[in-house]
Each structure stands twice: as structure tokens, then as C-alpha cells.
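Structures are listed in the sections that come next.
Both complexes below contain chain A, partnered by chain B and then by chain C.
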Partner chain A sequence: MQKWDELEKSSFLDANARQRAIGMTDKGSFTELLGPRDRFTSPHLPVLGTAVEFDDGMVTGVGRIGKHPVFVISMEGKFIGGAIGEVNGGKMVGTIRLAEKAAARIQKEHPDEYAARRPLVVISFETGGVRLHEANAGLLAHAEVMDAFQDCRHKLPIICVVGSKVGCFGGMGFVAAATDVIIMNEQGRIGLTGPEVIEQEMGKEEFDASNKALVYRTTGAKQKYIMGDCNYLVEDTIGSFYQAIADVADKPMAEIEKLRRIGSVKLVEEQMGLVKLVGDMQPKDAMDLWKYYGNEKPEELPELSTAEFLKVVKCRVRN
Partner chain B sequence: MDEFDNTMIGRGRDAIDMIVDPDTFQENAIGTYQCEPDYGPCASVGTAQLKGRPVTIIANDAQQFNERFPVVFGGVIGMEEAYKMAMAVYHSIEADKDKPIAEKRPILLIVDTPGNGPGKMEEIAGMNKATGSYQLALAEARKTGHPVIACVIGRAISGAFLCHGLQADHILALSKEYGTMIHVMPLTSISRITKMDIEKLEALSTSNPVFAAGAEFFYKLGGVEEIINKVEDMRDVIARHVDDVYATKAKGEFEKLGPWGRGLLGEERGGRVVRLKAMAKMDEEFEAVADQYLNA
Partner chain C sequence: MVAWVVQSTGEIQKLVIKEEISVALQTLNFEFQAETPETMTKEWSHLGVTGSGDLEVLMEKKNLGGKVQAKVVTPVKGFDEVWRRMLGKFVNDCQVGDVSIEINDDNATPIVVYMRLRQAWAESSEKEAE
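Up next is the complex of A and B:
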């Protein structure tokens, strides 16, 4: 395993789930829970003749940022596309529940220091959603995650991190949307319906899934940033993600609540305003909206480096 | 659908009439909130009486299509529909916010949906936020004390079932004789994506609950609390589950309900037995190191 300092400087996009988990928490602080040594593998894959992984394609554990315990869930896209089944779904839910219980214990044991010791959940998504080999169990796990999220509301932040090759799609796309804060690098993508399915539903002339630039404009980090669906757009190093997470860790919950997109009547009303705009405008391309929000030359935005983009971009203003 | 003469697929509005007290459904009205009548036409929301008690109704309307969003028809949940459904839930919570749990109105989800809006505009604006917001609203209502009951009358497919159904306290489904469909993806698509042999998948699909399509398999996983064998019984079975959920919440046993409760059922019924063991082991491993994280 690389040294922590080297990890911080290395590419998030190229990192595996375990490197990301270690690098998103303080040096030497990460303890893996239910790691490969425990050999909790999927009971359903062997029936279909599919190989198992000893961590079921997900690294879960706890680290620290300062005094904050950081409960980490990190998905490995190289194992069945990071898809969610019974065991890794259970690991995900179990980690969130551990964080919520930890928050209650800290409230009780360190009532005066809760802000400084408040736990957080960090989820590094790399998944297409439900694992089709055990589809029904995977589906049910998604509902459990949303349920566990709701239990954490107003108590501790849940941070979504997307910057790995597979992106974050299918059911995990709305799980990501339901978190408090979203951090992405330029390569990150979040969506519900994958490009191939949109092409199948709408026809190739409406949406060509092989057009990478179009796919990226529709679901990529720059689009999400302009729409207000990505709170931090960072450089592609593990250290940049760590810095953004550390920034959130110290924010008051009331500030974090303002970074959310959904989860209250007020936020739903705001999103309904956006849906109305899109329904009236009937955009053919995300660039139509970029222009609407004041970007005179939207076609230039995808070419810019992250730093240049952040300097010039105009985003949807939230009420 | 010929083989299912009595299917309820596409009949969300009929189902409302079969379930609630006669002529009590007031569409678009929830408490003091009035939903715009032409908004999100593929979802029908409103207030009705069930055995004399006010209930919020949220149903798919498969007969409509959404003029503004061309992929939204036939029961698809589009962005307008999902936000309309979320608003129906939030305004149910608001209407009863000062009432004790025993008087918080039940929310009844009538489920017949093939999917979430799979379009380009949906991805640009964020269909994921729309379906996510409805789920968070349902989870909040459930935890606030409203009994949330889902009844699958037709199709309950993948992400759309997660959105409209899987956050309920209890889930009921008409039996397969009614053509009820609960699954993530058709076998042909699973075969294409996983590159597994279709014949092998077909053989497994008759017996393997984590994989096979159908209400009876979801039952084994704890994903469905009860299967309704006769459509005439829908009304009574739903009313009984409303009473059950009220009673469970009155005892404060929220963990027996909703997604977590279905996880417990999944173990009891033998369909999902590893996840709880995995979580217990995680808890144990955390306890061994907890001090260095909680008291650092």
C-alpha cells in the first residue's frame, strides 16, 4: 500500500476503493470494518457461477478528520461495476447506522463538544445501482439506505463523493441526490437512467449514447455544478477530496442543510421551479440551460480545466 | 394480458374506487393544499375516506400522458409526478402536525408503475432528485407516525417501485393471478447485461427469490408483507394493515416497520439471511476500536 502522503497527491479517478477510503481520512486513522479477512461474500453469486470478492466490492470502515469520526463507504467499480447486492448493501446500511449511533453516544458523552466531534458519513460512489445477479435483494437494500439517511437528518452530515470511472447511476443516483453534500471531480458523473437506456427509449437521433461529450454534458460534474447539484467541484487528487470533506466536517448543521437539494417542502418547491423551466424551454442539450444561466459560450465550458471553469462559470442561482 | 382477465394493470383509478368509501375521493386536495389539476398527470393524489377515516391517496394513472415530458406515459413516474407525490406527502404531514400518532392520517400508495422517466430532459434537470425527494418525504411521514401502506395492483418495477412503494411501513401485493409484476429488469435484459445464458436464468427464475420476478419471491425476501389473493379483499386487507401499523407505532416499535422491518422479515422468511450477520459483525468490530474514534 502506498504511503498516505503519496495517496493524497495521486489521482482519485485511478484509485481503488481502499485507497480512496484511506486517503479521505486523516493519516493512519482508518480502520476497515468487515474487511476481506472476514470473508463476508455474496451467498447469491455462486449459484449463477459468478466469482465472489471477500469484501463484496465495498470497503467500509471508520477513520478520523481531526476529532470527527468519519464513517466511510467506498465502492469498487472493478467488481461487477460496483453494483449493490445483499451483503455490500448491508455493509452500506450498517455503516450509516453505526454513524448515527456514534452521534447519539457523542451527544451523550461529550455534549459540549458535539460540533467538534460530530461524526460524518462519506460515501464514495462507483456503481450502476442494483446488482442484477441478486436484483431483488439489491433493490431492497437501496430502500434501507434511504431509510437510514432519514434517521441522520439534522444530526450528522452525509457526504456524497463521485469521481470514479463508473460514475453513480441507477438507484444509487437518487441515493446520491438524497445526501447533504456532493463533491465531484471533473470526471464524475451522476444520473438515474444510463445513456444506453435513454438512447433505447428516445432513439439515436435524440440521444446518441456513443457520443461521450454529450453523455458528459448531460450527467457530468460540470453540468451538475451549474445546476447546483454538485456543491464542490475539485481537482482530481485524493487530497482535494479530503480537503473538501474536512471543510464540511466543521460546518454547522444549519449551513450544511443549505447545501441540500431535496428533503423538505421548500426544496421540493425550488426543484418544481426548475422542472417548470425545463418543461417550458424543452432543452435539446444541457448547454441550452448553461446559456440560460448566463454562460455566453457554453460550448467552451467542457474544454476548460477545473480551475479555469470555476473562475468563469455562471450557475443556477438558488433562492 | 389475455391470460389475466381480471388484471388491474393500468387501472389505478378503478383501484381507488374499489378501496375507499364510495364517492369520497377528492382529487388534488390534501389538508389546505390544492395541487394544480394538470400538473404531473400520470400521478393522481388526493384525500378520501377509508372506513370513515381520512387517508391520503397517491396512485399512478397509466391512462394519462404528460405533454411536456414525452417519455412520461403509461404509469411512468416523471419529474412532475414525483414532486407532486412528494408534495402530497409533505402536506399530509403538515395537515396533521399537531395531532397525536393515533390520529395522523394514513398514506395509501396504489402502485402500478413501469419506471421513472427515462429521458434526456429528465437527466438534465435531475430525475434522480425527483424520485429521491419523494422517498425522503415518505420516510419522514413514516417516522413522524403516519401509517404508510403500499398496495401493488399491477407493475412495480425497479427504481419506480423504490420511489413509489418500498418506503412504506407495509407493502401488500395482489397475487400473480392478477398479472402483478414486481421485478428489477426482464430476464432478457439481465441476460444481455450480465452475459449469462438466458436458459440458465430462466431455470433459476422459477425458484431463486433474490433473482426471480414476482410478488411471491419478494414475499420470501420480506419485501412484501402480505399477498392479497382476491381483489375484492383489497379494501379490508388494507384497512387491517392500517390498524396493525397504528398499533405497532403506538408501542413505539418503528423498527418493525418500513425497510428495516422488511429486512427482519427477510431473515425470518429465509430469503435474506447474511446481511444481518454482516451488520452484527461490523458492530462488534467497531466496538473493539470505538474508544479511539468517539473519545479521541
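Up next is the complex of A and C:
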């Protein structure tokens, strides 16, 4: 394994789940829970003749950022596309519940210092959603995760991190939307139905999945940033993600609540306003919306580096 | 299952394979003994992902009287001998001893297997990351 300092400088996109987990917490602070040596593997895969993985494709554990305990969930996209089944789904729920317990304990033992010691949950999504081999258990895990999010609401922040090859699709796209804060690099993608599936079901005229530029400006981080779905757009290094997480860790909960996309009547109204806008406008491409929000030359935006993009971009203003 | 085999004489022979086709994973167990074995420095090491064409390796230090035990779980049938040779080559080349190796394989080629074993071995002797 690389040294922590090297990890911080290396690409988030190329990193595996374990490197990401270690790099998103303070140097030397990460302890893995239910790691490969515990051999918590899926009982369903061998029945179907599919190879298992010792950590079921998910790294879970706890580290620190300053005084804040950080509960990390990091998905490995190379194992069955990072899909969520019974065991890794259970690990995910368990980690969030553990963070919730830690928050309650810190609240009780250090009531004056809670803001400085408040725990956080960081989820590095790299998944296509439900693992079809164990679909019912996988779907149940999605529901349980959302339930756990709701219980953490106003107590501790849940941070979604997307910047790996597979992106975040399927049911986990919903789960990502239900978090408090979303951090992405330019290569990060979030969506519900994946590009290939849309093409297969609706035809190439509807969505050409081989057109990478189209895929990225529809599901990619720049589009999400303009629309207000992505709160932090960062450079592709693990260290940049660490910095953004550290920034959220010190924010008051009331301010974090403002970064949410769903979860209140007001936010639902805001989303319905977007639906109405798209209905009236009938955009043919994401770039039509970018133009609507004041970007005079939307076709230039995908070409810009992250730093240049952040300087010139005009985003949807939320009230 | 029925297979057709072309023999060296040019004759085509019908071969009936009694073994049923099953989707079950194969579990293979091996044991090796190197001449001058040395064990790993860490208690355990883990490397790789069970991705398509790849595998994960878990190595653990274990008192086996200098021997190496290997357990391979693979979805592919009929490659027992290739596994034995590849693992044997690794144990000999690196003079590994008192180590238990567990592999979850997803159709990795022999050279990938050998490379991952060498990587896991290198990591198992590395100093802990700060």
C-alpha cells in the first residue's frame, strides 16, 4: 500500500476502494471494520457459480479528521460493478448506525464540544445499484440505508463522494440524492438508469450511449454542479476530496441542511419547479439548460479544466 | 455432455463426458514445500479484487512446518494442474513458507495469477504504512 502522503496526491479516479477510504481520513487514523480477513462473503453468489470477494466489494471503517470521527463506506466497482447485495448492504447500514450511536455518545459525554467532535459519514459511491444475484436483499438494503440517513438528519452530516469509474447509478442514484452533501470530481457521474440501458430500451435516437461527450454532459459532475445537485466540484486527487470533507466537517448542521436537494416541502416544491421548467422549455440537450442559467457559450464548458470551469460557470440560483 | 475430438490420425472420435455441467464454484486445495523457505513479516496481507479476469489474494502467516497451504475458489473447471504449477512456481521462486494462501478467482489468466501472488508477497514483507 502507498504511503498516505502519496495517496493524497494520487488520482481519486484510479484509486481502489481501500486507498480511497484511507486517503479520505487523517494520516494513520483509518481502522477497517469487517475487512477481508473477517471473510464476510455473500452466501448467494456461490449458489449461482459466481466468485465471491472477502470484503463483499465494500470497505467499511472508521478514521478521523481532526477531532471528528469519520465513518467511511467505500465501494469497489471492479467487483460485480460495485452492486449492492445482502452482505455489503448490511455493512453499509451497520456503519451508518454505528455513526449514529457514536453521535449520541459524544452528545452525552461532551455536550459542550459536540460541534467540534461531531461524527460524519462519508460514502464513496461506485455502483450500478442492486446486485441482481440477490436483488430482494439488495433492494431492502437501499431502503434501510435511506431510513438510517433520515435518523441521522440534523444530528450528523452524511457526505456522498462520487469520482470513480463506474459512477453512481440505479437505486444508489436515489440514495446519493438523499445525502446531505455531494462532492464530485469532473469524472464523477450520477444517474438513475444507466446510459446503456436507456439506449437499449428507448433506442439510439433517444440516447446514444457510445457518445461519451453526451453521456458526461447529461450525467457528469459539471451538469450536476450547474443544476445544484453537486455541492463541491473538486480536482481529481484524493487530497482534494479530503479537503472538501474536512470543510463540511466543521460547518454547522443548519448550514449543511441548506445543501440538501430533497427532504422538505420547500425542497419538493423547488424540484417540482424544475420539472415544470423542463416541461415548458423542452431542452434537447443539457447545454440548453446551461444557457438558460446564463452561460453564454455552453459548448465551451465541457472543455474547461475544473479550476477554469469554476471561475466562469453560472449555476442555477436556489432560493 | 458430448464432445467431438479430432485425433492425431485424423479420426473424429465421440467423447461422452459423464460429469454434469454445474454452475458450482470449484474449490481446489494444494500444499507446497520450498527448499529454504522463509515466512512473511506481516501477520497477513491482502491484494487485488475479484474482478473479471482478475483475482484477490489473502496471505496469512501460519505455522505449517515450513509448508505452504493454498486454497483456490474459481468458477472455471479443469485447470487444477495449471493452478498447481503456477502456485508451485511462485512458492519456489520466492521460497515461501509457513503461509496460508486463499484466492478468490474470477477467470484470471495464469500470468495474472503469478503477478498478483508476487505483488501480495512483496506487500506482505513491506513495512506498515505510516
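In this section, the second predicted complex is superposed on the first by the 318 of 319 C-alpha atoms of A that agree within 3 Å, B and C clash if a C-alpha of one lies under 4 Å from a C-alpha of the other, contacts with A are read in each partner's own complex, and residues count from 1 in each chain.
The rule is simple: contacts are C-beta pairs under 8 Å (C-beta built on N, C-alpha and C of every residue); 3 or more make two chains touch, one makes a residue touch a chain.
Everything numeric here is computed off the predicted structure, so don't read it as measured data.
Applying the stated contact rule after C-alpha superposition, one finds that A:79 touches chain C and leaves chain B untouched. In the overlay built on the shared chain, the residue A:186 is in contact with neither chain B nor chain C.
In the superposition on chain A, A:48 makes contact with both chain B and chain C. Touch criterion not met for A:100: it reaches neither chain B nor chain C.
In the overlay built on the shared chain, the residue A:36 is in contact with chain C alone; chain B does not reach it.
In the superposition on chain A, A:219 makes contact with chain B only, not with chain C. Chain A has more of its residues touched by B than by the other of chain B and chain C. Chain A residues 48-50 lie at the interface with chain B in one structure and with chain C in the other.
Interface residues of chain A, counted against chain B in their complex, comprise 31, 33-34, 38, 40, 42-44, 47-50, 60, 62, 64, 67, 69, 86-87, 89-91, 93-95, 97-98, 102, 105-106, 109-110, 117, 129-130, 132-144, 146-147, 149-151, 153, 170-171, 173-178, 190-193, 197-198, 201-202, 206-207, 218-219, 223, 227, 229, 261-265, 267-268, 271-272, 274-275, 278-279, 282-283, 286, 289.
Those residues of chain C lying in contact with chain A across their complex are 22-25, 44, 46, 49-52, 54, 56, 58, 60, 73-75, 102, 104-106, 123, 126, 129-130.
Residues of chain B touching chain A in their complex: 68-69, 71, 79-80, 83, 86-87, 90-91, 94, 116-133, 135-137, 139-140, 143, 158-159, 161-163, 166-167, 183-185, 190, 193-194, 196, 200, 204, 208-212, 217-218, 221-223, 258-260, 262-263, 266, 271-279, 281-283, 285-286, 289-290, 293-296. Interface of chain A with chain C (complex): residues 1-4, 16, 22, 27-28, 35-37, 46, 48-54, 57, 76, 78-79.
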